[in-house]
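Each of the next two complexes has chain A plus one other chain: chain B in the first, chain C in the second.
Take a look at the complex of A and B:
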């Protein structure tokens, strides 16, 4: 076997398929991660136990400290393979605690590896309240001058309340495989019918919620390959020279204008293809086939 | 309960509140002076238009009436469910609304949300639960999902969920459960100016709001783990 090719294969680690622990190990500086409340120091959710559902000692989220490119960061990594990364009482409180710690410690950033369908229905009220607490805590962290960078590229994407939380972060780094939205396609299909949203049409789901679409419309800051090293590089690049803005009416006015104009401009559209065409992409059908670098170059060339 | 009845009960000294579709906006007189009134009615589904409509009006209050308290009226069945809404990142517009409410707090506006009808999931998260304090009328319906739908999704028998709901506030619908868990400050029997003014005055006296919901959840015996877990992470 040709050695360089083999090395290249080994080096590429799908972020989408990796566990939360593997992502933490691959995205942050090697060996720098220290976990807070590791599994041996915590208890699984009693709310799941009462329903005879097996719990996890980390309740599906890992929090701790590390360095990224040599700078101190605090880290949150949701485990999509445990109950869809959904937020229950303990899961949510670990995230809130980590963010409150960031307000005190003022690390260079909080790295938030989101991988979650939102509220854990088995703990619905506790999960909803926890997400509200996470929302307030993300904004408190940012107001303290600490950027919160969301990485979205896991198998569960960032949906429901976690979709809102991700958009409250300073910036989002996303892969093409990542999905970011509020209601999942399955929920919309169930309530509004398959004509409204066919959740089994994977290409359509990606054209509506996927990383390329969110990148073209400016809802994520960076588009990266589905590779832990690319997420790492993307986060480092974003943080270089990042100045977390002080919360101000002028910033939110600008966002209000952007969102309002976009709403008017794209009124009535129902498919990413239509939006990309309206954005000035000459051949929207080529977008799903393009590699990351070509897409980034294409976006740079679009009319403002 | 009609919006007019609610407004008359909360603001007997007068109000100038109009309804745009299902978006409610205006101002009202109280013993503490003029307050802004913003929110939704008729169990609105929150899409981009309502989210941006509310967000813009929150920014107007911040820019034009420094310090004016904001009373949010919450009646939402959740987020709008459509592909077109998701295509334009509905979670982003709800996040924007939440940021505007948060900005108002940081700029010194006392805020209070009152659930008058329904309060469900994303719609509730984006403004009702972002206010300094959240209250509910006695017949308010607060939930993520009703127990029948939850039974279908979780594949846990409905009877079992009903049985467990009697013991635990953690998952079953009801404002009372949110009260015990610390997310709803108090339940009001009726829309009352006295209760509203006392709540606003209390918040103003207490100074800048911090998120005390975990602590209240422990005090009220409805949410035992969150506060200790968060504290353990802070001190680990």
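Take a look at the complex of A and C:
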């Protein structure tokens, strides 16, 4: 039975809903993934055991090698469903070990599927040290000429230390569903009060942390649909012809100046709607309703 | 956290892979790791669960699994975050399916 192409169902596999292992299987070349420290060889967190909390065999992160579009890559995938993807000691050590391997092996890229609220607070200093080591390792990897591409589209987004790690990467591929920020909405509400930020206002949360906002402000390089195949295509497109820049203090200073000016320009704005208006979007209220392709077209027409 | 250990007689399983993992240690869910065991006609299960006081229910669910499936010669490790008995049964079947190369 050959159904007409027009009637063919286009099946989507939600990246947001998928587990880390399902994402690894769907984003990379089929059957190419080889896991380092698989669950039967890895160790659950000793810190969680002391606190009488069941651990995960892989401590919530999968690392390994694969190919993407035929090119060799090293891969990190955080499992957001386990403790919010939070970075503990073993979790962090697996990521750092993989990035150090990238410095030695020089694959075409490291694909970092981030899905994490940041440091695993149960592990206190061990978790904080782990995430600072991850930050350093990302920069070392980039300095060795290996691009690190962050994919942000999981249910936990990328917050706290993992928000910083994501922005330290060479580039970010994001879906509308993904979220990226430093302090999470509930943290802000707890510290500064509901008048400052209402974490239960989901639309507001997405207007200030979500993929569309990050795309319009230039914090993510690619905006893709919530579909594992779209993340795959986005990462391949980004890597085609990518040349990792040689680190230089002049480029860092220029970036610092750009961010300082941006901060001054948007000072006092309290909602993504206001930021989008300041960016030159004629009808900011339409942004949350737009599909991905329309938004990408709209951004192209904005003043530089 | 409660740690439970069980051993049930079961028909020998025929592994297709060295180990199989399924599930995630998330709320209402669990992960199951199946590896080859030492006794061909027994299924040895160790459980770490966040929910205390459900030992008899675990025993019943795993006994039923061992009786219904050829799961002998296996060592099964479970990390649980409050999965219901139905979810545990489904995941056990799924994990064994992957271990023996059947339904993914």
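We adopt the following convention: the second predicted complex is superposed on the first by the 294 of 304 C-alpha atoms of A that agree within 3 Å, B and C clash if a C-alpha of one lies under 4 Å from a C-alpha of the other, contacts with A are read in each partner's own complex, and residues count from 1 in each chain.
Just so it is clear, a residue touches a chain if its C-beta (ideal position, glycine included) is under 8 Å from a C-beta of that chain, and two chains touch if they have at least 3 such contacts.
Every value quoted in this text rests on a predicted model; they were computed, and no experiment measured them.
The superposition on chain A brings chain B alongside chain C with room for both.
Residue contacts after overlaying the shared chain place A:166 against chain B, while chain C stays out of touching range.
In the superposition on chain A, A:40 makes contact with chain C only, not with chain B.
For the combined arrangement built by superposing the two complexes, chain A sits at the apex of an angle of 100 degrees to chain B and chain C, based on C-alpha centres and given in steps of 10. After overlaying the two complexes on the shared chain, residue contacts for A:19 are found with chain C alone; chain B is out of touch.
In the overlay built on the shared chain, the residue A:81 is in contact with chain C alone; chain B does not reach it.
Contacts of A:56 after superposition: chain C is touched, whereas chain B is not reached. In the superposition on chain A, A:253 makes contact with chain B only, not with chain C.
Of the two partners chain B and chain C, it is B that touches the larger number of chain A residues. In the superposed pair of complexes, A:300 makes contact with neither chain B nor chain C. Superposition on the common chain places the nearest Cα atoms of chain B and chain C 12 Å from each other. Partner chain A is touched in their complex by these residues of chain B: 48-49, 52, 55-56, 59, 62-63, 79, 81-96, 98-100, 102-103, 106-107, 121-122, 124-126, 129-130, 143-145, 150, 153-154, 156, 160, 164, 168-172, 177-178, 181-183, 211, 213-214, 217, 223, 225-227, 229-234, 236.
Across the complex, chain C meets chain A through its residues 1, 18-19, 21, 24-27, 29, 31, 33, 35, 48-50, 77, 79-81.
Chain contact summary for the complex, chain A toward chain C: residues 19-21, 38-40, 44, 49, 52-57, 60, 79, 81-83. Residues 36-37, 42, 46-47, 50-51, 63, 89-90, 92-94, 96-98, 100-101, 104, 119, 121-133, 135-137, 139-140, 143, 158, 160-161, 163-168, 180-183, 187-188, 191-192, 196-197, 208-209, 213-214, 217, 219, 247-249, 252-253, 255-256, 259-260, 262-263, 266, 268-272, 275 of chain A touch chain B in their complex.
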